[in-house]
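The following blocks contain the structures, represented as structure tokens.
The same subunit A turns up in both complexes below, where it pairs with subunit B and then with subunit C.
For the complex of A and B:
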């Protein structure tokens, strides 16, 4: 609860600072920092709240085991079906974090939840529509994004399914919450549980969003964009530059296609695909939010694996597209 | 068991990382060995045959280094210039291309801005076939505006009326001046899409003549002679423009004094909305139908002859003969026709070509020492007879060029002795008038039409 108040107060303070203080009174870089940070927060906040609400629906309001009942028993097919959940959920990556946490609490395994978490922001309908509006079917960018996102999510889901103790992948605090939820089912009314989950998830997610947005804004202010753009036509450096850009910019997957569209004439198409696949899964804001759920070791592994898979996807597109 | 399983995850992770690193290395190497590739191309296959300066835009899969014109080959040959911007190579055709022709554009030695590997980009396209419209004045039946293609014999009547004076193709419509039983003229718009006919209200009682249409905008020009203005200069002939995209309001072209100008003749400059009008004092005035205002004078000349297809050169005439006027800088040069079979011809109508040559209607030496009227292609050093009427019995009334200068459109009367006028109050023509479409390069007659006012569209 304390963190929720801190998060809300932090956002409010940023907004007050941005709009109440005379812009000219602030140094340019600080103005840029505030604008960029607030834009990330404003862009993400509705989806975070929507994600928490969907998480509550999954944990509290859906009949127990409903989702499980219709999923295949074969683990690979099951994870593939879970990776398609995002098609019905117009929520970007920020909103999927609480929802993925809800899935774990609701009985999904950690790899299954992870598969959903990685695929959903890429194959959600708004992301697909905006990517199509931005690129159409040019250079196979849209197709590569969808197929690549699903492939990466399922490969990583498969990888972590080989882990013997998946609960060790979670932070001790979240693991404890999961354990508590298992034994605490009948102590509250549904509304009470919903409120409890909302407060708990908000407390966990909001500060992470707040800190992640500030970090994304700070890095954008400090790292000249020209440095990244100058690398655009090199097969390798363009891909790496786009991964760095995606990590730094931390733009929401629902609108990232429009953000990157102006770069399409100077960067290779594969590097654009890398940006569109890597960014929704791994960026500075997402790492801050994922840290509420997964251990640092897992986040490093995830970053390496998603980075390699995204880079490979981009390099392949560069050669064949 | 647990340790074994955890090791299994670590091994899987390590193997996966190793495999991905190898695959990445392979594709990085392939990327470095590969030059730019063509991912898309855009060209308007219709506009490219009717206007110069049209572009073929080649989209590479990566930003490319600047391409020079000598890296580009076009088959069949066409003059091009080129600009490069990021991943787009814009090949600009300096002249309109031929109709219904397969073109191959190759750009050699293309490389990215960061790597030296080169590649050749190649794109093939086929230009569109034109539509031909002409006026057929039937004897004892309605007159017809007919549409056909350059090849084949299929024809479609797009408009028929009791008496049609003239018409002009404007966008996907035709504007037609008709005459009723009382010799009153009317302006009608006929949609080429659905055949709908609209009568345009005139600015007052009067007569329409000298209809023209911009080739680049939905704009008409027409001379309107108000009733009862016979005592005014040139009978009160006002040049009016009508922007069909903006409504149905006629706008008079102004003279140097800001008042509507009385015109002896006028034409649209090909490729835009500029027009040249000859005032009652024989001053040539250039005005913009899209931006009415005080026109610019170009000098006094006896006759407005015509324009080059690219709209850069105007041909006028004074008492000594034809003169070309460069419309960019108003520079004038007297046209000296080259000899035909060693004899300098007497020239009438002259149309300049964009390559500097001329097409002339000229009197050239005939078989028995007599002179015959012929169409002559003048390359600047010698004239080549392109067309004469059969047996030299007929006459060439007038001629024009297709917008891409591929064809000459000549109105001919096959036999002067048997010709009979159709007796129309305006633009009377011989009842036997024909239009022949002649290939400028080969002199081959590709089509003959029973009528006149043939116009290329598309």
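For the complex of A and C:
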């Protein structure tokens, strides 16, 4: 409570400062770092809020077991259905993190929720529409993106379903939260519980978003982009360069097709596909946000596996197209 | 919690002062404002609920890597302070140079050379640097640019090859937010320009494309300016 008052007063004081004091000009690079980082935050913020709200709906307002009841029993078919959830949800990758957390709390297994998390940003309706607007059906980019994304999500979901104790994939803090939710106390009203979840999720996600945004901004200011672009026409290097670019740029999956469109003339189609599949799942901002939920070990495994699979996908498209 | 409040307030201030477009494409502004408004309402509601005496469920920090999370928190707080206390700004020439103004292929199809060839001179007054850059990629035949007066607004980025005599009048082209901003510009030939103008300054340039006299620059054509006047930064500095 004390901290809250301090915080509110602090915010007010800073605002007064902004309008009252003539600011000293920052050096260009520092100013750009700030602009880029804030831009990542402002862009992601509405999706994060939407994701948290959907997560609350799944955890509190949907009748218990509603989603479970209609899913197939067979684990592989079940994960495949879950990987299709994203079609109905216009949430890009940052909003999916709180939603995937909500699914785990709501009773889904960790690999199932991971399958959702990896597939949803790629097959969400806005992403499909913008990718189609940007590329049409040229070079199979759209088809390769959707099928490749679903395949990678399901393969990784399957791999983790082999894990003997899936709760060990989670950070101890989040695992404890899930355990607490299972022995749920029912004397909270639904509204009270919703507010609780909002507070809890936003305090978990926001610092991660800030740190991810700062890292993304810093890399962009420090690494010259032409280094990557100059690698564009080699079948192997172009794929790797695009993965690095996707990792660094941390742009939302809803619009990454437009972002990459100008590069389409210099880069091979396979490398574009790699960018469009790897970027939504793994980038510097996402790793910071996923760290709220999964252990560092899992994140390293994820990065390597998704990297290898999407590179493979890109190389195949390069050879075929 | 404080971070959430900070970012909500900061975004709301940006929205009220009409400066969100410094960070994101205008088509996302409505969505952002709606979600932030909802977030704000829920935030206030949960503050009220808390002060009304519900138990505080503050978690104790995880045992592992506590120092690391403190560093992270300090960085996040610094960013939040910057977001609140500093006025918003556009990207500068530092980022433009980083992203290589001349080789960008942004808006490759904004103008078609064949269609433009016979357009009346008046049509070119509305051409932006993106339109011209798009034409430059299609043809560098100097006779094509006869009777096509250039008049564009942008900020100055020094040419990397001949920084003394050539600069680019540049704009950032934004598809989603400032993160993906791609700089685009057209070369201007003005010997010793930095004696009169500073990098990053916003200018209006009039002139026509001629063969580039600079020997160090690889650009075949450059605008021979007839007039360069300093202007204020436009209220929406990016192009979409």
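Operating definition for what follows: the second predicted complex is superposed on the first by the 296 of 321 C-alpha atoms of A that agree within 3 Å, B and C clash if a C-alpha of one lies under 4 Å from a C-alpha of the other, contacts with A are read in each partner's own complex, and residues count from 1 in each chain.
We adopt the following convention: contacts are C-beta pairs under 8 Å (C-beta built on N, C-alpha and C of every residue); 3 or more make two chains touch, one makes a residue touch a chain.
Remember, it's a predicted structure, so these values are computed and weren't measured experimentally.
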Using the superposition on chain A described above, determine whether A:266 touches subunit B (first), subunit C (second), both, or neither.
both
Broader residue contact with subunit A after superposition on the shared chain, subunit B or subunit C:
C
Should A:40 be classified as contacting the first partner (subunit B), the second (subunit C), both, or neither?
second
For A:97 in the superposed arrangement: first (subunit B), second (subunit C), both or neither?
neither
Looking at the overlay, what does A:249 touch: subunit B (first), subunit C (second), both, or neither?
second
Looking at the overlay, what does A:138 touch: subunit B (first), subunit C (second), both, or neither?
first
Name the contact category of A:32: first (subunit B only), second (subunit C only), both, or neither.
second
Based on the A-chain superposition described above, do subunit B and subunit C contact any of the same residues on subunit A, and if so which?
265-266
Looking at the complex, which residues from subunit B come into contact with subunit A?
1-2, 4-6, 8-9, 12-13, 16-17, 20-21, 23-24, 27-28, 30-32, 34, 39-40, 61-63, 85-88, 112-115
Given the complex, residues on subunit A that touch subunit C span 1, 3-4, 6-8, 10-11, 14-15, 17-18, 23, 26, 28-29, 31-32, 34-43, 45-47, 49-50, 53, 171-173, 192, 195-196, 198-200, 202-203, 206-207, 210-211, 213-214, 216-217, 220-221, 224-226, 229, 249-252, 254-255, 258-259, 261-263, 265-266
With touch defined as at the start, can you tell me which subunit C residues reach subunit A in the complex?
1-7, 9, 11, 13-14, 20, 22-24, 28, 31-32, 34-36, 38-39, 42-43, 45-47, 49-51, 54, 56-57, 59, 62-64, 72-73, 75-76, 79-95, 98-100, 103-108, 175-180, 182, 200
For the complex, which residues does subunit A have touching subunit B?
138-139, 155, 159-160, 162-165, 232-236, 265-266, 268-270, 301, 304-305, 308-309, 311-312, 315-316, 318-319, 321
